[in-house]
Amino acid sequence: MRVGVLTGGGDCPGLNAVIRGVVRKGVQEYGYGFVGFRDGWRGPLEGDTVPLDIPAVRGILPRGGTVLGSSRTNPLKHEDGIRRIRETLAKEEVEALITIGGEDTLGVAARLSGEYGIPCVGVPKTIDNDLSATDYTFGFDTAVGVATEAIDRLHTTAESHMRVLVVEVMGRHAGWIALHSGLAGGANVILIPEQRFDVDQVCGWIESRFKVRYAPIVVVAEGAMPKDGDLVLKHGTKDSFGHVRLTGVGEWLAKEIEERTGKEARTTVLGHTQRGGTPSAFDRWLATRFGLHAIDAVRDGDFGKMVALRGTDIVRVPLAEATAKLKTVDPKLYAEAGVFFG
Amino acid sequence: MRVGVLTGGGDCPGLNAVIRGVVRKGVQEYGYGFVGFRDGWRGPLEGDTVPLDIPAVRGILPRGGTVLGSSRTNPLKHEDGIRRIRETLAKEEVEALITIGGEDTLGVAARLSGEYGIPCVGVPKTIDNDLSATDYTFGFDTAVGVATEAIDRLHTTAESHMRVLVVEVMGRHAGWIALHSGLAGGANVILIPEQRFDVDQVCGWIESRFKVRYAPIVVVAEGAMPKDGDLVLKHGTKDSFGHVRLTGVGEWLAKEIEERTGKEARTTVLGHTQRGGTPSAFDRWLATRFGLHAIDAVRDGDFGKMVALRGTDIVRVPLAEATAKLKTVDPKLYAEAGVFFG
Amino acid sequence: MRVGVLTGGGDCPGLNAVIRGVVRKGVQEYGYGFVGFRDGWRGPLEGDTVPLDIPAVRGILPRGGTVLGSSRTNPLKHEDGIRRIRETLAKEEVEALITIGGEDTLGVAARLSGEYGIPCVGVPKTIDNDLSATDYTFGFDTAVGVATEAIDRLHTTAESHMRVLVVEVMGRHAGWIALHSGLAGGANVILIPEQRFDVDQVCGWIESRFKVRYAPIVVVAEGAMPKDGDLVLKHGTKDSFGHVRLTGVGEWLAKEIEERTGKEARTTVLGHTQRGGTPSAFDRWLATRFGLHAIDAVRDGDFGKMVALRGTDIVRVPLAEATAKLKTVDPKLYAEAGVFFG
Amino acid sequence: MRVGVLTGGGDCPGLNAVIRGVVRKGVQEYGYGFVGFRDGWRGPLEGDTVPLDIPAVRGILPRGGTVLGSSRTNPLKHEDGIRRIRETLAKEEVEALITIGGEDTLGVAARLSGEYGIPCVGVPKTIDNDLSATDYTFGFDTAVGVATEAIDRLHTTAESHMRVLVVEVMGRHAGWIALHSGLAGGANVILIPEQRFDVDQVCGWIESRFKVRYAPIVVVAEGAMPKDGDLVLKHGTKDSFGHVRLTGVGEWLAKEIEERTGKEARTTVLGHTQRGGTPSAFDRWLATRFGLHAIDAVRDGDFGKMVALRGTDIVRVPLAEATAKLKTVDPKLYAEAGVFFG
């Protein structure tokens, strides 16, 4: 049996660990052959392949990025996308596809499996941790670690100077990175996309912080938005989901804080440093196990499924269900963190 | 209401994060007062206290160790231990105790709550992750991270030289740290206390590794033991649980490997570096949430319970149940890792 | 003998290591007493002191920031500044001052020593490494390390996506951090304040990079400026030195690159994460030795001097000389790095 | 012109950065061709080569180890070693050799250049920093960083428990790593090979430490030896230099401390973790510059020389001189550190 593997969507530490887990177990325990498809769905669409065997996965466990390349290509938007994929699979004698990706990539896999009878197994991937049906996605722990280390460093600056320090972290639609790194780093304000913030309330927290101790640290998710709609209209842009998004909310917020409180404010934008580099031990463990269980699902002929973490177990859930809705921060969880604000 | 807090047993990154979570929420949301007891159960036994309020918990979140100190004192082994604890609690007007510790500390808390009517809430703590009833304990992720980083570094040495590299990690009775760091680090052999190892099989893996690629890395838990009973009798010692334990298994194994394979072998003993230093972001998050939920249990009068992680939820479980048996590595999980051996 | 210590100017990892070195040696070897002055020159100006003895310096070695606090107060700008300082020193029975700071703080110390007979010894401090007379200042190695780790992480993102990644690092007047981290991180373009850059040349390097390999990484010092004066006039602001400075050069450059090359570009602004957090081993070593040698200078009565690193030796140089001119990047050194551009 | 490159001796972070610097500048600025020799002097001896061009050095900057492999082969110990090297160089049309290595590798290069007219340029490499004629060697800063981080972690354990923590670091003949990491980590005792230690004095420091504060941390270089000759004779082994070396001095010292002070002692042996993994920013910078300057020396026809760091400059020194004697820790420098003992 020959199995195809592809990685789609944004960069995420742990992709290579999944690929390695899939190939090591597939070759050694089940005797499968593998074909790597280059750049996500573009690979099977255009018949662009890379060799994928034991030597090809050596040494890739600790490396960020993906040896298969990635793209946002959507084969369902090509008129004859399905036919071309079928042709590639036939030509390569591939009988099953392991698709590693986020909402978009897995959404395609769900439809290929469900509507077109192309046997797919999914592996969830999103740095933002906003996929339902799995407790965590790999990459998230690494991103939280990078952001937390940055906040740790800012604390000593905050101790010596009377400046507000704003840290903008990833998270367009879900505030998981902001919430976890903000709590782990001991931030004094955490702002997430799930709940519009009130700049005056933020300034209130900042001022009360200054009264009892050194300067405050504000963690803001890139997708967080102020309550005041006009501001959004003035500064915001529409993203591909049609959501209005404030560009550079960190920089914008720092300026508002300076104007309203009279305190100096400085911004750090962590950007892509959160999604690159070597994965954390947790992410390597999770990604490796996802890989081992994905190839088991292939062996079991259990297609149309995605592997997922539940507690400490890896389980299988229907792909369609997994991508149905975004996993956003529970208001209760956010409220729990509120005890540390101000 | 006044609440006492103590930390018992071995060092573990995240203890301070628990204490901070307890105090911040207790003071700010419930208006409680706090008393810190010094050095685990020695504190209430001898009436040794430290002030515990908002200023006392500032800045302690990222710090390893415990601001309350710790010890292995067991009040049940003192003839009038219970009476003395009651006296201290009465004198300090403490109506509830939050006890943060491992098997021993929580075992005492279980009996104090169950048999003597002293209201306790437990917070589980073990670097070894071997407590039942919780998916993870804080400190474990940090230890795995330290061990994984060490293994990462050893890989480049292994690439350039023809030496076997043995890494001895923590884990007397359970192999969680060895298993997780071994998988995350891409070790070629992982040896855990749950399953006696066969030195010849280990040497076989090592030799097969040399054939296809550079030198192998062997991760061995400090409590791992070879199959051959005589060796154990010759080199082993009995620990406080009455288990025979091989002293310095890493050093011993390296010598055996050298003799049997003729390859040079070198040992790294990570020792206490695994349980010190700043906690990982995951451990800070978990420890903070444990603290917030422990004080909630106090407020609810829900004593004789321990907070625990289940998936992404914090739940409460009976203390007695939590400490009933050690959580060891599931043989299936260990077998899963076997695909990477050799 | 009683010695005063103060830290002035911006935050810098290693300040506490200096203070500890001064106090440990001063107390243990010379039997001196110490007075800490709070917030730089504000301390002696207003008579604001903190106790400074062996217990006060315990555990501070690995901590960023300064236990003495800092400020940019300049006593020479106060009409009766000198008189007030003399009064404080007399009242506190302080016979010598150790002043730890950058250009401004040391400039004041030079004049106090030279013109007013107030015995000062200086310890150089600048994250930017732009002080003449010393090979390195502490804090710089830490900042370079933080920036290099960020660049490392960006490489894996660059490998997987076709985006230009711009990293803005510290350095208003000197490009040392950009140069060192850019070289250590394998950046494809490094832009420094010492040499105005040509946006079209930058775009040329970017395009040639895309031709042979994955996306380029551009490291730009915050003080770097494009050749085109008009741009500067449009976007720039004057800083306290009267230099026109482009605000947010990273963000600005990313937009220019997008417009001119048609490639997506993303910006990371590391900001104050570069000057906070625990110092690197090198910085702790350097700062500790600066502290030990500064107190030796006091014992020798060798005032008006600053300690400095020359090779592996700590030497003493006249304060006046040390602050005379900025140490900027030698054009030859910058040219040397040019082999890696594009 | 074609240039050969080889790396000899032990593993050291930064080797790949040198190779990359040599090749990038040699190809791009001087139009040279390159030949990589595999496994140190074994390569030219046996005619074992690897292709070495721009694609071969891509992405290797942050990686530990050496893409050329290494060995301790000494061609001067082969009867016709010189003749075979000449043959290989002639066959490969190599007109100059860049040899990257320590005492042994450079010693061979010195004789090849001086006695046999084979044009060599040397690049110094030793993790131990014990080569004369250069302020620092790359790899050393990385090793010190690894050891310092370990000591940092041990501090929090020392704070919570009453145990002596012994850390054994690298350094057979020179105590640079012990001295720098001990000072940077705030160790309470530092023991180096240059000065035999007195176990009773060590125990005295330990006991005085316990009196004023938490448990002490002892950093001991692997080559450190106690004063008592009998102990050495009983436990020691002779190394290849004929020096008697105590095997496992850390473990041995911990036991002595336990016996003499009655305190528990634990040992951490960092081993090869100190010489593997990604190089620090400082080491990448130094190694890169060494590479750039080594190829300049080739272009200048300046053979029989080694590049070296003096202050912030890269200079050239005669190979023969550079390897004449070991650079050990100056007793004055060691005495300077003594203020922190106990």
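Note that the chains take the letters A, B, C and D in the order they are written out, and that residue 1 is the start of every chain.
Keep in mind that, in the parts below, contacts are C-beta pairs under 8 Å (C-beta built on N, C-alpha and C of every residue); 3 or more make two chains touch, one makes a residue touch a chain.
Being a predicted model, the structure only gives us computed values, none of them experimental.
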| item | value |
| --- | --- |
| Where chain A and chain B overlap in contact partners, by chain label | none |
| Identified repeat of the A-B interface (over half of residue pairs identical), from B-D, A-C or C-D | C-D |
| Centre-to-centre distance between chain D and chain A (centres being mean Cα positions), rounded to whole Å | 41 |
| Distance between the centres, which are taken as Cα means, of chain D and chain B, whole angstrom | 35 |
| Sequence positions of chain D contacting 2 or more other chains | 152, 155 |
| Residues of chain D touching chain C in the complex | 24-25, 28-29, 58-59, 61-62, 135-136, 141, 144-145, 147-148, 152, 155, 180-181, 183-186, 213, 278, 280-282, 284-285, 288-289, 292, 310-312, 336, 339-340 |
| Residue numbers on chain C that touch chain A, as the complex places them | 10-11, 13, 63-66, 69-70, 146, 149-150, 152-161, 163, 165, 248, 251, 266-277 |
